[in-house]
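Take this structure, written in structure tokens, and hold onto it; I'll ask about it next.
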Amino acid sequence: MRRFNYIDLVLWLFRIGIIGVVLWGMTGKFILGIGNDYTISDWLDFFVSGLSQGSLYALIALGYTMVYGVLFMINFAHGEFFMAGAMTSTVLVALPLENAGYVERFPWLSLLAIFLSAVLTSVLVAVLTERIAYRPLRNAPRLVPLITAIGASFFWQYYFRGLFGSSLLPFPEFPMFDGKIAFWGLDFQKADIAVILTSLVVMFGLQQFVQRTKTGRAIRAVAENKDAATLMGIDVNRTITITFIVGASMAGVAGVLYSIVFRQLNFVMGFIPGIKAFTAAVLGGIGSIPGAALGGLFLGIIEAIGPPLFLEGLGVAGSHQLKDVIAFTMLVLVLIFRPQGIIGERLAEKKA
Amino acid sequence: MSDNILEAHQVVKRFGGLLATDHLDYELPRGMIASIIGPNGAGKTTFFNCLTGFYQIDEGTLDFNGSSLIGLESYEITQLGISRTFQNIRLFNNMTVLENIMVGQEPHLKSSWIGALLGLPSVRREEEATEARARELLDFVGLRGLGDQLAKNLPYGDQRRLEIARALGAKPKLLLLDEPTAGMNPRETAQTTTFIKRLRDELGITILMIEHDMKVVMGISEKVTVLDYGRKIAEGLPQEIQSNPVVIEAYLGKGATAALMAQEKQA
Amino acid sequence: MNEELRGTIKTGLIAGVVTLSLGMIGILVAFNKRFIVTDAVTLADLLLFGMAVIAGYLGASSLKEHSMGRRLLHGGLAGMLAAVPTFLLILLTLVWEGIRDSFINVEPALVSLLTLDNENVVVGGILLIVVFGVLGLVGVGYAQLPVRFRRPISMSLAWTIGSGVMSDILIGILRPRMSNDTLRSLFGSTGLQPVPFVVLFVLLTAVFFWWQQGGQTRYQTLRQNFTPRQQKSSRRVSISLLVIFLLILPSLLGVYLSEIFNEIGRFVLMGLGLNIAIGLAGLLDLGYVTNFAVGAYIMALLTSSSQFGPENPWSFWLAVPICVVAAMFTGFILALPVLKMRGDYLAIATLGFGEIIRVLARSDALKPVIGGAQGILQIPAAQIGGFMAQVMGYILNPINNLLSRFELGILATNSNGDIVFGNPPQLYYLFILASLLMLFISRRLNNSRTGRRWMAIREDEDVAAAMGINTTNAKVLAFTLSAASGGLAGAIFAAKLGSIFPSSFELLISINVLALIIVGGLGSIPGVIVGAFALVGIPQLLSEFAEFRLLLYGIALIGMMLVRPEGLWPSEVHRREIHSHGEDETAVPVSVKP
Amino acid sequence: MKRISWFTLLMLLLALALVACGGSGDTEPETDSADTAADSSDTADSGDEAAAEELTCDDAIGCVEVAPGDPIRIASALVITGPNESLGLDSQYGVEIAIEQRGEIAGHSVELQAEDEGCNAEGGQTAGQKIASDPSIVGVIGTSCSGAGVPMSQIVCAEGIAMISPSNTAPVLTDPGSRQSCYFRTAHNDKVQGRAMAEYVFNELGLTKAAAVHDGDPYTEGLASVFRDAFIELGGEIVAFEAEAADATNVEPLLTSIAAAGPELIYYPVFIPLGSLITKTAREIDGLEGVALAAADGVQSPDFVDASGDAAEGMYVSGPDLGFGNDIYATFLETYQANYGTEPTAPFHAHAYDATNMLLSAIESVAQVGADGTMLIGRQALLDAISSTSGMEGITGTISCDENGDCADPKIAVSQVQDGAFSAVWSYEP
């Protein structure tokens, strides 16, 4: 019903422009055959590796989204929780176990120990961060905790650099994740499949936890309205700490999965996945758990499949370098169509 | 041009399946003080939001001073001459009282940012005039001397007044007041009632208000409209409404008729 | 166990864990080479033993009861406990031979530092606990001092230690003004010499004590008793002194500190710009580096004499307006798609723009135009030549001749009579000019109708619209004007560096600018300057701490926000909220939903 | 208002104090012109002459005077914070070890002032200004990144301070048209190294279809471009020229794309994190089973082999031949491990070690020492001494400087990873 103004015009041009570029790129790829010649199996490889990367984004994004849900703050340090778990479990558990030969003899037990230590470290780091850098600022202006979060991010990065050094750490090879597995005549990396499955299980578990348990309900209540939750007898501080613990556990799990797939770690490994996961959380609709999962997968897949699908056909040089450009353009495109994210709650127009 | 400043015809606003206003017809003659009453959720504030461009209506027509309001942004509607206040006070909390009123005068300000950068004399004059008028309005609503306070630090009653002063800054032809006396004590309510009357009598502003306090409604309204479930169930002079059993039942529930009668006798 | 004892144990152990961390992440060993008092006290000593004193101080001052014996007991206990985790680490090194394979900084040097160079590490460790206990008692003693002594002592201690830490900067400033021998008697190769250290400490303590015991009141009374005319002239004198001071500053500070001032200036410019978007209009922009990059690249493309520049390179002064306009245009275009987004959706979309620019700058796709990874070289420095320079030379040269007697100077002409903004002291004037210009513009906008509109939008966008404000236009304007300053900063940056590479346009820049305006005080113009000094200047001065700089930066960010959440120099309106009703009404959907 | 006047008062006091000092310590001759700030270093130099009576400085640029008992000060400007810090810290360790092994020079110890260049141009400029403003600094080892090296070389050279970079490889830095006269490097120029690999691949391995990958850093982009041009010139075909973000985590799509282009060899002259990731992932991609892998000195480090594991076996790496027929490197590695608790995290410690030795040897050769132990080092003399370095045996080979400041051993070794170690299989000399 509203009139059409210049902004709408520009937005439509933007949408049409992007869709035009995408179509043109795909035309170039499939009809004119510019660039490499991919088989179906190649396309599937793009897709599955994107899915696996996206699962990791999704796991980290869950922590972002949960914290955002209860505190309305962007927890910039979340990527560092992920890094802390992965680094510590690798240096103190995985590598010693490998040297002692346990990884080969008891791979599953070793893996369990690694997961436990990673989750424990991530949780410890998260709880400390919350206690020191966020809790005293509960009533401060909204951007202030954002700054302490950035500070915490720097701090933890260089703290762990100090503890474990800045060299690139190898992660042991686990026999069960090595090699490929065939489905329907197509090959998949075992590690990719493991990551996707684990993520699905963990996300499903989280969903059940938030929906079914008393603590989960408390988290939702605090997210809805802190004052009301206090009146209902919910200990808000405790609930927030639990939220951090749950979010950090996801990050810890993601840290180990990351190590399994990429088998190398260093102290800055948390930053980029952190930013990506944050993007994923917003893409899906920040505050929403399935949104975070969906956003993560979307981001992972578009990063993997975007360059060959959209850019190669245009004859763009170094197309894989531009995957972030595609990812963020898609983000803006999605947010133009749906300003509240893919499955974010729709604001009933404007609230009066 | 008709004598009605506002004409709404068959206005429909849906939220999902819910009809927030249900084929509503409304006419408001120029210079009148009119009230809309109705139980919670009757669609009163929704109607205000439709009038001020916060919501776009789904069906029907809305005319102000003979021109349609449909499709206009809320700032354009304000520029046409409709100002409003809010049920839950919405001041610019971290701005001073004076700044709040100065923002209210936006529709009449012309200076651009380039002029401000260059420090043009016309811009300075306009700023001075704006500030002077803001002080006048402060005096008018009885907040003299509070200009440099932060809006959020004012007491509740003063915040309501400030909201009205801010709305007056736009020199509206029609002023929409959303529960102007909510949360006030009887003395403040009485003051506000007189004040609203003054607005019409001295400034010639047509006033449409949503109000729960029957004393206020009955005291100054020249026309009362009753909404229920988004529909108009009655309209007329206060006395007519007061004695309308449909209204009393819808509004106050059964058995309330007697109480109201008793109240009236007292008055 | 009673409440107080538990508190003391907790304090002591927390201090202990901090001490342990300092050791394990390598700070202690690294700082052990850095003297505060030459050949006597290193920074590591200060940190290590300082923890014990602090533990003792906290342990004692948290007691409600005032009996001296109990205080000493608790302080001493807290001090000793502060050494316990470290002691455990020492024991651990005995049983775990390969500890260094995991914890890279647990090295022999650390152990010998922690055991006070004892051959037998267990004895050394116990000795450490004892020393820590004694230092805990010192902390108690300090806590017992009356406040009127304690405060001057703390302040002067902080200043003296600061002088020791910053000794090389001080040497840099003093070198042209002192003979080498004088300098050497004051400073060692690192740190202050013992005698000057003590003298400085005593002197400062006396000054602070005097100031607190009456100097301050006397000064204030003096000022209060000024007649209006005196006040006016005193104000005039202050301002002219400030101006003179700003003009001679670079020659006073020398090249390196001027360079730091220029870096601060660059961030002040960006901060002022971003402050329009975030501080005034409440638009959380995390991609401010975009505008900066556009300004820098346009400057490079217009003035470079390399293959990427035009055939006849432009002059800096002609290119600057183009850079600013280009940045504003970018701001305008990028504002359009994000207008409808609120809060954190806006933040991530703008962050995305910053990342897009970063990637594009280094991409092969755009390499033919903007140089890709190899950047753009041969960008000339800004300069004033010809008639203009001659005229300025007539004014500047006599002043410089006069000032040079005092080892001072201002903007200078070179041997050809041109004014080249090539080295830091010269560039300083360019930055000052640009910063003053932007300050002026910010102030004008801030106090105008436009500024009011932005603030209204920041407070409550819907109500602002209901007041007749075209919020769309106002927001677009905020983005556009906010970009101008970034473009200006970028343009000067390119001319200053002489070459630009994509690595100068990282996300970190956006984050830094955001942090400095919030640390300074959101929406406050002086806050931007203070914030830039705190977050850009100080880390530069801390380059001593080398690889631990960012660790300290992180701690500083957290610390400053905890102590002063409203910022170091908040705007008149303290603690402004960014989002009107923050958490309830205009916030984006927030519930943790299925 | 109050605050402003306060601030002014404070600053005024400070200014007065400084001016007063200026008056009292006014022993120097007043030789300098108006721009005192810029020339302050020279004043200090000339002012020192009085102290060193029997030594005279007739150097074209000026001399550094080291008083008896004072250390000789050199600086490093490497990237020691941020994502690239493993690169720069590693080099800094190399510098420290070289200083440690050298001990004293004519009774003076050597002191290192470590600066951070942040791997970007502004970091290089700031570090350069700091070094340039300190007249006691004799020479600089730096920078790590070419982007930082360009502005820094301009600044320190304006003061005549010698600068030797252990890891700048961009051709522009030693290009006769743009090279600064005080700039030297022990790292291989991209032009040489990229060509070496192209010749090896085409002539020795006999492969004709190659793919190249870089990460958008000037170093890797430069090498990949030189390789591409040289390979095409030799008659080969570049089937894919791709780029990937240096901090990428998922390189499967990239390699799938490359696999579809059907190369016989992939050349990815990147740094260790991305290099190791590509190495490991390439082994798992369909269509890349038999494809040879090649990289440059950016990954020539034990850290890379550790991180890549078996996947690195058989891949080719160009760079200096660290197994050069002497045992300097073995001693070096022992010291490294003992001092820093880790194996080298990047390849350029070796170049840094050699660069430092080059600088220290040059200092040793030009320093004039007075009777009381005062040392004078002529800056121009030092530059001349460095540029005439020839036949110096270092870890990275025989160091000899050419007229453009390229000092790396012109021989480039192509090594193959065999049993977790680099063993030279071919040597290239332009």
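When the chains are written out, they are named A, B, C and D in that same order, and each has its own residue count from 1.
As a convention for this text, a contact is a pair of C-beta atoms (placed from the backbone, for glycine too) under 8 Å apart; a residue touches a chain by one contact, two chains touch by 3 or more.
Please read all numbers here as calculations on a predicted model, not as lab measurements.
Enquirer: Which chains does subunit C share as contact partners with subunit D?
Expert: Correct list: A.
Enquirer: Would you say B-C or A-D is joined by more C-beta pairs in contact?
Expert: Between the chain pairs A-D and B-C, A-D carries more contacts.
Enquirer: Name the most central chain, where centre means the mean of Cα atoms.
Expert: Per-chain C-alpha centroids compared to the overall one single out C.
Enquirer: Report the chain whose CA-based centre is farthest from the CA-based centre of subunit B.
Expert: D
Enquirer: When the C-alpha atoms of subunit B and subunit C are each averaged to a single point, how far apart are the two points in Å?
Expert: Distance between chain centres, rounded to whole Å: 49 Å.
Enquirer: Let me have the rounded angstrom distance from the C-alpha centre of subunit B over to the C-alpha centre of subunit D, please.
Expert: Here subunit B and subunit D have centroids separated by 72 Å.
Enquirer: At what distance in angstrom does the C-alpha mean of subunit D lie from that of subunit A?
Expert: The separation of the two C-alpha centroids amounts to 37 Å.
Enquirer: Could you list which residues of subunit D touch at least two other chains?
Expert: If we look for residues of subunit D contacting two or more partner chains, we find 82, 85, 89, 216, 241, 243, 245, 341-342.
Enquirer: Send over the residues of subunit C in touch with two or more other chains.
Expert: Answer for subunit C, listing residues that touch two or more other chains: 104-105, 359, 362-364, 462, 472, 547, 550, 576-577.
Enquirer: Where does subunit B touch two or more other chains at once, residue-wise?
Expert: In subunit B, residues 52, 54, 73, 86 touch at least two other chains, as defined above.
Enquirer: Okay, in this complex, where on subunit C does subunit D touch?
Expert: 100-101, 104-107, 168, 172-180, 182, 184, 189, 234-235, 238-239, 241-242, 245, 248, 250-256, 258-260, 263, 359, 362-364, 372-375, 377-378, 397, 400-401, 404, 406-409, 412-414, 423-426, 493, 496-504, 506, 540, 543, 546-547, 549-550
Enquirer: State the interface residues of subunit A toward subunit D in the complex, per the touch definition above.
Expert: Going by the criterion above, the answer is residues 36-39, 41-42, 45-46, 49-50, 52-53, 56, 161, 165-170, 173, 180, 187, 189, 258, 262-264, 266, 268, 271-273, 300, 303-305, 307-308, 312, 317-321, 323-324.
Enquirer: Touching residues of subunit D toward subunit C in the complex: what are they?
Expert: Touch list, subunit D to subunit C: 1, 4-5, 7-9, 11-12, 15, 18-19, 21-25, 27-28, 30, 32-38, 40, 43-44, 47-48, 51, 67, 70-71, 73, 80-82, 85, 89, 111, 113-116, 119-122, 125-127, 129-130, 132-135, 145, 147, 150-151, 154, 158, 170, 172, 178, 214, 216-218, 220-222, 241, 243, 245, 340-342.
Enquirer: Inside the complex, what are the residues of subunit C that reach subunit B?
Expert: On the subunit C side, the touching residues are 441, 444-445, 448-450, 452-453, 455-456, 459-460, 462-472, 477, 481, 573, 576-577, 580.
Enquirer: Contact residues on subunit B for subunit C in the complex?
Expert: Per the touch definition, subunit B meets subunit C at residues 52-54, 73-75, 78-79, 83-84, 86, 90, 92-95, 99, 102-104, 106-107, 109, 111-113, 116-117, 119, 123, 126-127, 130, 150, 166, 169-170.
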